[in-house]
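Written below as structure tokens is the structure these notes are about.
For reference, chains read A, B, C and D in written order, and residue numbers begin at 1 within each chain.
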Amino acid sequence: MNTIISIEPGTPMESQVRPGHNRWHPDIPPVASAGRGDRIRVECPDMFDWQIRNDDDASDIAELNMNRAHMVCGPIAVEGARPGDLLVVDILDVGPLPGRAWGYTGIMRPEMGGMLADYFSEPRKAIWDFEGIYATSRHIPGVRFAGQVHPGILAVAPSHELLDRWNSREQALIQTDPDRVPELATVPDPDGAVLGSLSGAEFERVASEAARTLPGRENGGNCDIKNLSRGSRLYMPVFVEGANLSVGDLHFSLADGEATVCGAIEMAGYLDLRVDVIPNGMDVYGTSNPFFVTGPINVEYTERIVFEGFSIEADGTQGFLDAHASYRQACLEAIRYLSRFGYSEEQAYVILSTAPIETRINALGGKPNAVCTMAVPTGIFEGDIKPQSRSNWGTPASVDLASVVAAG
Amino acid sequence: MNTIISIEPGTPMESQVRPGHNRWHPDIPPVASAGRGDRIRVECPDMFDWQIRNDDDASDIAELNMNRAHMVCGPIAVEGARPGDLLVVDILDVGPLPGRAWGYTGIMRPEMGGMLADYFSEPRKAIWDFEGIYATSRHIPGVRFAGQVHPGILAVAPSHELLDRWNSREQALIQTDPDRVPELATVPDPDGAVLGSLSGAEFERVASEAARTLPGRENGGNCDIKNLSRGSRLYMPVFVEGANLSVGDLHFSLADGEATVCGAIEMAGYLDLRVDVIPNGMDVYGTSNPFFVTGPINVEYTERIVFEGFSIEADGTQGFLDAHASYRQACLEAIRYLSRFGYSEEQAYVILSTAPIETRINALGGKPNAVCTMAVPTGIFEGDIKPQSRSNWGTPASVDLASVVAAG
Amino acid sequence: MNTIISIEPGTPMESQVRPGHNRWHPDIPPVASAGRGDRIRVECPDMFDWQIRNDDDASDIAELNMNRAHMVCGPIAVEGARPGDLLVVDILDVGPLPGRAWGYTGIMRPEMGGMLADYFSEPRKAIWDFEGIYATSRHIPGVRFAGQVHPGILAVAPSHELLDRWNSREQALIQTDPDRVPELATVPDPDGAVLGSLSGAEFERVASEAARTLPGRENGGNCDIKNLSRGSRLYMPVFVEGANLSVGDLHFSLADGEATVCGAIEMAGYLDLRVDVIPNGMDVYGTSNPFFVTGPINVEYTERIVFEGFSIEADGTQGFLDAHASYRQACLEAIRYLSRFGYSEEQAYVILSTAPIETRINALGGKPNAVCTMAVPTGIFEGDIKPQSRSNWGTPASVDLASVVAAG
Amino acid sequence: MNTIISIEPGTPMESQVRPGHNRWHPDIPPVASAGRGDRIRVECPDMFDWQIRNDDDASDIAELNMNRAHMVCGPIAVEGARPGDLLVVDILDVGPLPGRAWGYTGIMRPEMGGMLADYFSEPRKAIWDFEGIYATSRHIPGVRFAGQVHPGILAVAPSHELLDRWNSREQALIQTDPDRVPELATVPDPDGAVLGSLSGAEFERVASEAARTLPGRENGGNCDIKNLSRGSRLYMPVFVEGANLSVGDLHFSLADGEATVCGAIEMAGYLDLRVDVIPNGMDVYGTSNPFFVTGPINVEYTERIVFEGFSIEADGTQGFLDAHASYRQACLEAIRYLSRFGYSEEQAYVILSTAPIETRINALGGKPNAVCTMAVPTGIFEGDIKPQSRSNWGTPASVDLASVVAAG
């Protein structure tokens, strides 16, 4: 595996040898390149670029500079990739940096958003220790799980045309409620921008146009799909010459839905990829968004407790086929349930955001309620968290088979 | 297994020996009862109470009486169940009625709603033949899959208080856009109501108050959760003495999300249950909604093509963390993709609504886009539907290991 | 599904309308036929043709007539099948007969053999009740599992040439130790033979030549492969015109290895098949034995306790790469382990013979010991049967995340 | 993770800083120690201690010194472990050494044994490249699979009493056929022995008594169990103070059964463990052999072609419940089948020895034939290797759902 981008732990992204970026723009120049069929390694900082410490004090979360989020490595120009092609990216491996076998999960300040920001208003931090395939936390005893390790961000550069489309549609959304706090979307903002090697006037221009990294979009971006993991093959639309692939936001584990804004187990690490190109693939397969084929290694916890949610707000207000509200209700049900087993509500919230939870949209056909479910694996808890219904299986083993007597 | 409710195929529900119902109300009297630990069989008509024929003509879908939908069997009074308890329901088995090894999926008239009603405005019907664990359709050649057979509806009666809450919150929703067509929610409506053995003035009163069956709610109801299947154990809040369990809407298979309104493979069949009670369980476990523990038999198609969607409407409008919109976009991506392999768009729509598709809420942390995915199993298609990237694995097997010569 | 062979419960096979057989011979005439692509249902008695009762008395096991074992239904002539073809058999469904939701497992008299016949010399019987997908036994409380329902026997008729080969090679084996009790193989024996409609001199001739049904052979036969289950597609060599398919020995569940001779959960039931033919398939695919492709519905218990065995006899004698001895040692280890959790050794033996156990040949490269393992699912036991190592995961959840204080 | 034993690649074991060993004996002194609950890393050479090169020439296999096989690292003394305890070993992670992302599989000289040594008499070598979770080989194009990475050897030191028992039972086996070539078991042999820091007379004594490493035994040893992999928890009997744990023989992948003697993908690598002790565990749980609980990350290829074998030798001789012969026959069936798809027989043999194949003992109840199966995943091959039966699923998708016309 050829390491084409290495990083110096603790050094800010703009000071790395091959500086990355935290905005999307076609004019950020590539810092590395790869040929078709190449196997490459990229090292990545954690999503907050070393702002979070491995300690028991959440003041770093409280004082976080959110403009330094989603720092990604690249762009990497892929030889032969042209607009209209599909870029094929095999995720061969992902893991923590040697000597940094830990990660973190935060509960953010409420103004940063977060699905349950109304309930959890104090900044909090959980540190996770990686023991090979497992994560444990000294802040959440009694739980241990295997991580579905994956990159939160795999993205290509947008074209100018696509960037313009993003900016205009997101600006239009903001205009529907321009005074909302927090705002409905994050607009281009030069403050905190890191744009690789750009500087001077070109930096200013690009920084004022470049899209923010918070949402996933047609170029991939911050998709946070836990099953887009080791062994997956990703197909991404190509919008510029060379595709300009950037990657980062590595997660040791993540629950479907990512209940908290910083809800994964965030880590610095390495990512091994193989890149290839399907010429004219967007037209051949009729796709405008990334799609992927799953791999054969997954975290398997087959027995699960599944919590159901409907489109009802906490104050009883009825929503209309609102899957987000249904997920929130299911999550609150799960938090209350886990609190009966000795976990604090904040601990439960972090578990439901980080562990290998499956969150599904089950039914959108029954207006006004969307039905969503959160499936929590029972095998990640030290004790048995299933409800006890003692009459179910009969009394414990006490009948000797010998009482079934053979006739003389 | 003791059959406590049997049905006569083809006979309307109100004329069955133990007539069921299609509204939720505490005053619908039980038609059967069961003790704690009892194993019971209940037979059920299909969700449209025999309105749909096994033929190649969708006029029955076009002329459907939607007020005769979700006809359920029961209520069944469970001995000893009291408000505040949890009713424990083991789903032991589900299957089609003997001699009726077929089901149907409809694309409804647009005024009935449906996630992609804008795209698919013509009534359509696909008939599925059940071959043991598999379903095939003469209307959609080239696809075959095993069904995760399950009941769409498992529900208990609401209390009067809960029913009032439903009616007021849903009425309040309608008032936010009272002229909308179709309406935002379905209000109590005596037209087409079937209420078991009720008649006369009592029928009139209950029919004018009873909640409609379309949405899932705190009592369970039309949850359409495909993994709440054979082998699962369901825990339901109890709101009235005896719990008053009703069941129906059996599905041979269903995709997470149920893209079309009548999106499952609907069938008439039997349901084998075991019932039990956890006294005071709602308080003990802190739950207000049903929840369940999964069983050990599931449909396993591990390799999947996963389509991603973001909160963007088809006209390019940006939504705000709208998981419904993201699911819709992923679904449209999948339809376009499958159409490249010879399926019509309507066929693809039905496949994506019925096959064992996993639909996930992946990330809600990246405003304004919710990220949702539809994971389509590759193993259900006759041919290989993965993208071909010929340079991936090297050339076909042609190197003889003997060319690795041992030294003389 | 077209029922081409139905049976009358309780009636001996020779008195059924379409009598089956319990020997293999090319001259047993077909009792039914099927075309290519046909879907057919066959009903089958249990393997001992109704000799075993649903009660608490093992005298039926003690007095069993073993010459009435493996009573199969058929032969079924498949249109167009010719020697050298492959017969394709889809197993669409298998289940118990309606109204007979129970099965049995026996520990046989020692002279009948059985892997641990030295240890378990008393005839015993366990009755299992089927509750939908689950089996429980009043004779073995504290265990419940889903069954991988399957036919123990799917077989085609041998040619005369193949039958001769079987008889001569098995006779040669017996001659290596002709006085052994029990004998090394079971020779043709007219006593107890049932040969469909044959009678008179033809019956006598065929009965004296026909192979016994105990072992699996090139024609399939008593293979007892639990994963050759619902949804599988089986490919069988064809040796005679019409293939002459016979089926039976249905099992609700079986452990890999079938520790006891009558080690499955034996039941009477139905079997739904689809048949087809690949002309000249034996040559095309180079195979002489049956092979199959697995289906998508399996019993999933991912967490397992795995017991290891080596080729050492119970008296300490060293064997040579003897996988059978290794399996036996692993089985004895598992029995001792389970006995620590309250199961009697006989109960443990029956569990290890019937539950969804995976038994593997792990390594044959390390002479003189073959390494075999038995993987016992933890989820089938009422209690937790994993060893407790209390220091492993830290103390129970007791640390409040709030103690991780945000700075003022 | 604390690296308690590191190795210098390419340096022979006896010259490492903490030299390991290739014999079992209680008097080999520990080279490292660990406390209860410690997490430790151990680096290991490949099983042949650097004798094999990454090239296209099998002369290294042909000239191999088999007395330098199974070089393991340790012993590691575990604080507090006493005879009669169970040593608890969590396998946290396993992987190749950085910069050595390759492994090898050999077909050995026939005198070294090997299940199919009669068929494959020429030394051969396949080199595998590791691409993250996947292995590919330039010597076997058209196949790629994820590895279930695991250590082939996890073992504790035997007591003097246990060692004596091994030596006497294995010697007795040899005496049953003392002139056999190759011999039935490998006796203590000072030639090539490496015994850690021992030297002089003590080396001579121990070397003449110490057991060879080829077979697995009660102390663990060369068990080659592919599912004893990342995430598993192993329980081992303790025979000496400190347990004296030794590890090695790391495999990137291995088929159940290990058809060739050097049948895994052998590699040098690291192993991360956590150790603990259950006092008096052997008596508490009644076990004399190692056993383990599986972990939640496994290689999942659910669709498999399963080949059946019976206890018949290649020359037609009938064996008696010989599972080894059954496995061999299933393996030969699979080789012939794969050869129809363009693989050479040697390539097929290596695939069946290295890929994630499941090999089961299915039935031992049907004398004289044991039934064993090899389950080959279809997803590891570039093309579709399932038999084609074109009439199965109907014609390709060509019916437009629109032809199902809604009534006017």
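The working rule: a residue touches a chain if its C-beta (ideal position, glycine included) is under 8 Å from a C-beta of that chain, and two chains touch if they have at least 3 such contacts.
From a predicted model like this one, the values you see are computed outputs, not experimental measurements.
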Intersection of contact partners for subunit C and subunit D: A, B
Intercentroid distance (Cα basis), subunit D paired with subunit A, Å: 36
Whole-Å gap separating subunit A and subunit B, where each centre is the average of the chain's CA atoms: 29
Approximate Å spacing (C-alpha centroids) for the pair subunit A, subunit C: 46
Shared interface positions of subunit A, touching two or more other chains: 90, 296, 298, 300-303, 379
Graph class of chain-chain contacts, one of line, ring, star, complete, other: complete
Interface residues, subunit D side, partner subunit A - complex: 1, 39, 90-93, 98, 101, 131-134, 145-146, 230-231, 272, 274, 295-301, 379
Of all residues in subunit A, those that touch subunit B in their complex: 36-37, 86, 88, 90, 113-115, 165, 169-170, 172-173, 184-186, 214-218, 221-228, 235, 256-263, 276, 278, 281, 284-294, 296, 298, 302-310, 312, 316-324, 327, 329-330, 333, 336-337, 339-340, 358-373, 375, 378, 386-389, 391-392
Of subunit C, residues touching subunit A in the complex: 56-59, 61-63, 122-126, 136, 138-144, 300-303, 341-344, 346-347, 350, 379, 382-384, 393-407
